[in-house]
């Protein structure tokens, strides 16, 4: 019986693997060979690199060590498609990924097929625990890259003066949201971190106690309309609203609005995966840096939530809302009444919490131990997922993280205040 | 009676002001006009700038608004010597402070005398509360700049190939410290932040509850001898020991040892305020970045403490140890038995805590509200003071902060671990 | 009769146009969509950009003004594919050409067909003189870009760690050249510049007198074997051999050998359009900066020729040698006896002459006046053409020019000395 | 008799040395220790560095090799004050000269006295020829640094927001110059270079023939008033007037007027060694880059002269005009009639000639061979001297040279045209 159950689990894992691998290819579908080659800034990777790197992950951590007789697809791919795993060898420099025209997309498609077939063989067997865990990690890893792929190609296309679309997207009609309502929480000693059922990244563990003061959290994210009010009130010109680093960045970079916003003939528009569209005031504002989110909160007389506050408030809520499965690929307008709105989807929400290890955090053994811990400095935590996050990838305890200046993430904010 | 007490307090404040102002001049005493003019990197300010800026603080926040008939010393000084207070006007660019040869040190001495005389007049009167608080803040501010002045001039002199000394310093004989001993703490709900008696910066408030897991803290800082063992074990060449940002910095900057260390003819030496000296293995290692402190802790199988852990462990301990009043100007060798060692002095201790506002933190009204809050991003907290920190400036709840890459601070580390 | 002659000339021009346009497509033939998209440094343009820009030239300067009813292929191409002609509008930034994935290579093929058809219509008519001159200029312009295309793709492929080949190339067997022989020239008042028959660029005019001292010129270029002797004699480590700017560049860039040379297991190899090959000592050394050419000449006790010396020595010699029509795509070994060697082909030869206007130089009227004059600063003249120069493009009076630090040109040197 | 003559010559040389050394100290006289320490950009050296480096020159090339028993003043000065002579050892990095506070100005005064005394001893003896030539070279070298000292301190003071004066200067009253008149020259075979009498730098030799086409040269430099007309005609906003590199520099650097010009309340003023003054339209325009000079000439329908043209036109004219001995320290207004004006003084005149070796140029033996030859790339020749050039330093064949972007030179232009 346990055996049967295990076999069912193995089968489900195999099916999820196939579905995940297939979704990556679907996401790359609208993109030409040329599109898949370009790297528009050092943080961005070419689409074909994402497709290859996620395959390299399975090859390196599962097939080479675990499948007898496995033949590596190409001797140079270990170097070309290793992102940052020092333990398994040197890496081709990240900022030069856009210089590599070969292998082309056809070779990379072949590489994916080669890896998929071998993974099929591997998964025909009963899986011991470390193997199953690594397959799960590989799936989760590929899901992260699905979101990155869409973030990155949006940036690539935005640098093209012709502003081409990735795909058709359905536009929501402009609407008028109600004003923000707030939900209060009593705080006290709370439990933070992954509860133990289902997959979690190392950085979500261990579940541990924190002391939280009473607070209130807005029921919905800040909208484009509210952002316009901030902007028109001189938000980008008033140093007293900004962290010192933030203000320096505003001036160095010449920021005057969120990334992808532009103004022509008195009207604001926004570049999306569907090309440029008129700004919809009811939509959650998106593509903000931490600095901008923080400055807005100060201007509004509020603050950003801590990640503990966010997680406490979201406890028990299932992942839902405008995630990648809806194929909207853009934040949806907030509802007139947001009281029951899902805390998930639309835009990642910046928290005021620096990305740090939880008390008792342990780095997993082996090369995958490089997955999260070594990035725990100079980054801030985001919560909740976005319109380009796969729905079975996000959860209450999920910790995303980016530097305070990053703007190409689908990131916005929800306000908090002391209660 | 209350009136008498208030007058005594005012008198004590006035005397502390005089003593503080006088100490700044004593610290600049060994430095020539040329020494006081140089800026060796953007983070460093010339000595004469520190002397002028601390005077500008009293002029701007106390004399101009509070002393009837006060005449500003020079119309351009408000621009030249404003550090970063946006609310009181524009600032001469920080990285260009070393380009300004005039005013020279004589004019700045005159400026200090002018301000001191006017402060004398102001302090002859009974002080209302905001005024007394601002005088206290001015004293504390000048004490911060006393430490900065010494950090900065050390860096300036270190860039001179002749490696000149700031002053004579007394060297301790080499000694052999005992191995590290540890003190355990049970954790639980603890109180963090300033208790309310005496001066505290805004960032130390409010006192608040935190939940702390059981932990142990080393009884003394890591020594140069221990650092050599790390170095000889390939510490600066092994990426697996480093945070990702840290490793990138090691490679970009070519770090192979702490700042101010160098090796010639097989022997290590260290540049100090007394010039180059042979490395003393018993001395606390100093001039580390956060990245280096973190890498060492990982190598040692331990970790950095959080600031809550540090403060809980130091609770109730008076400020003492090797601080500026001892005039050693360099860390002293650790004792053979460190069990009762002061948690203060010698070297600032990096904590793993990002510099963030305490729950309920409020920015003070007025221009001095820019003092701390706007720097609460991308920095890490250090605790405990150093051999160049004035003794009446440091306390258990004191939060110093610097970016993770800063090395010209007199900073080292104490190890922590889960209990 | 004159009419007949004119019609024959028009027909020949039309045929040369077709052949030139066709050759560009042949040169792009071995390259994938991905290859044609990459820009490996700001000086390099993607292959597809060259294909589009050369078409834009005909569209902008001939079809739009001269062909009634001509429809521009795409409204944005004028911006995207203008290189530097300020007079005809703004330009997409040069260093961002590699960010533009769309139009893809199919659209650019369509663009070329569209322009070629319209040029066909235009050329069915009798051509007035300015039109015929502009067609000739367009052909010459496209020929320049044929060489640039090959230079650029070589650089692109060289940045790929897999070192892929552009195409198969035929390797010459290693051989041993004779030592350098010299030909002397008496100098005196000489005539420099284009003689007036056939096409010439504006910068070759007017033909004018110069006074030349007696000199001698080597009969063949410096070889890889001679370069190895320089290198092994510490050539890249001895500042006394270098111009001051050159030495600074050597140290900043870490130059230790010519571009595309590398050493593994004690053997030198060279990256070519056919991939990596063993170094052939008899081949002319290639991919040198002016600084390197100058340092070698000093080391050899000689000097670089002036452009006047080169032209005087080459006077009356027809273009020949290893040019693009031989399809070798790499310098060929020098012959045992070089006394009658062609001064053309293999490698461009750096001269010591700064690129300046000839006395009486006039900028042509109209937008094409931007062709040459505005680059006459901070560049040095090269003469003679290379293995990737179209044979009907080079001539005795031809002046190529690049900055002293450029290395991706197929450039070497011939030695000169006072006689 | 010959012996007597030689002794008189030695005596005159000794007196010129004393006078030159003394003038350097006079020029530094108005400057404080702080002023003498600052380096405002990499091209600028601190005043005290100039004072030390010119002494180092005598110490290194004359005293150490030539004066028995000479004791070097300080073992580290050879490293600190070597500018670029690779043959005599390593150099402290140029861009860090402003970081060295010690030695201070008192030590450098002592150094000068030490060197002067030893030179006195050396010059008591009869001088052999190489020694006398080196003393002469040392004098000429120090004169070059006198001009550099004034150029550099002007830049240093200009970066101070208080715009302090170096010294009082006498202002000329505004006046109205006549329009430009021209003098024609027939050209032909001309002789260029030093005639052989008196001192000349290596780069002025050998005298040689050049062929010059007929030309005309303006009788006076371009004035500030004429520059205003260029500026008001959009001179800094019209790319068609500029060399491509020049236009790129205009945009990168944000140039809108010559260096040291500024506008407030509708009036132009200029920063001078006497502080800010109102712009005088009759003064020669000064502190131009080559790019600006070239753009103006194009706008005016003329061109810059070649250095051959300048020298041919100035042949036989004695050095005179507004040079350093007049102590004006600023260009003087041009006369109403300029027909007989001196070709020397006021402002260096940019020529269109790249700085290249004359045919037959030979690098002198020994370390002083590094004096000129190694800078013969990427620079343009200026002729005629300026208001801060010592009068016995300038001559008809004198070749000054700077990169095309340099603006802190006292440089303007005289127009030329084909005749």
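Residue numbering begins at 1 within each chain, and the chains themselves are lettered A, B, C and D in the order written.
The working rule: a residue touches a chain if its C-beta (ideal position, glycine included) is under 8 Å from a C-beta of that chain, and two chains touch if they have at least 3 such contacts.
Just so you know, these numbers come straight off a predicted model, no measurement behind them.
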{"item": "Chain B and chain A - chains in contact with each", "value": "none"}
{"item": "Per Cα centroids, the chain farthest from chain B", "value": "C"}
{"item": "Separation of mean Cα positions, chain D and chain B [Å, integer]", "value": "47"}
{"item": "Between chain D and chain A, distance of the C-alpha-averaged centres to the nearest whole Å", "value": "60"}
{"item": "Set of all touching chain pairs, with the criterion as stated earlier", "value": "A-B, A-C, B-D, C-D"}
{"item": "Residues of chain B that touch chain A when the two form their complex", "value": "84, 86-87, 189, 208-211, 213, 239-240, 242-247, 290-291, 294, 352-354, 356-357, 359-360, 370, 374-378, 404, 418"}
{"item": "Contacting residues of chain B [partner chain D, same complex]", "value": "32-38, 40, 48, 76, 79-80, 92, 96, 98-102, 104-105, 156-157, 159-162, 164"}
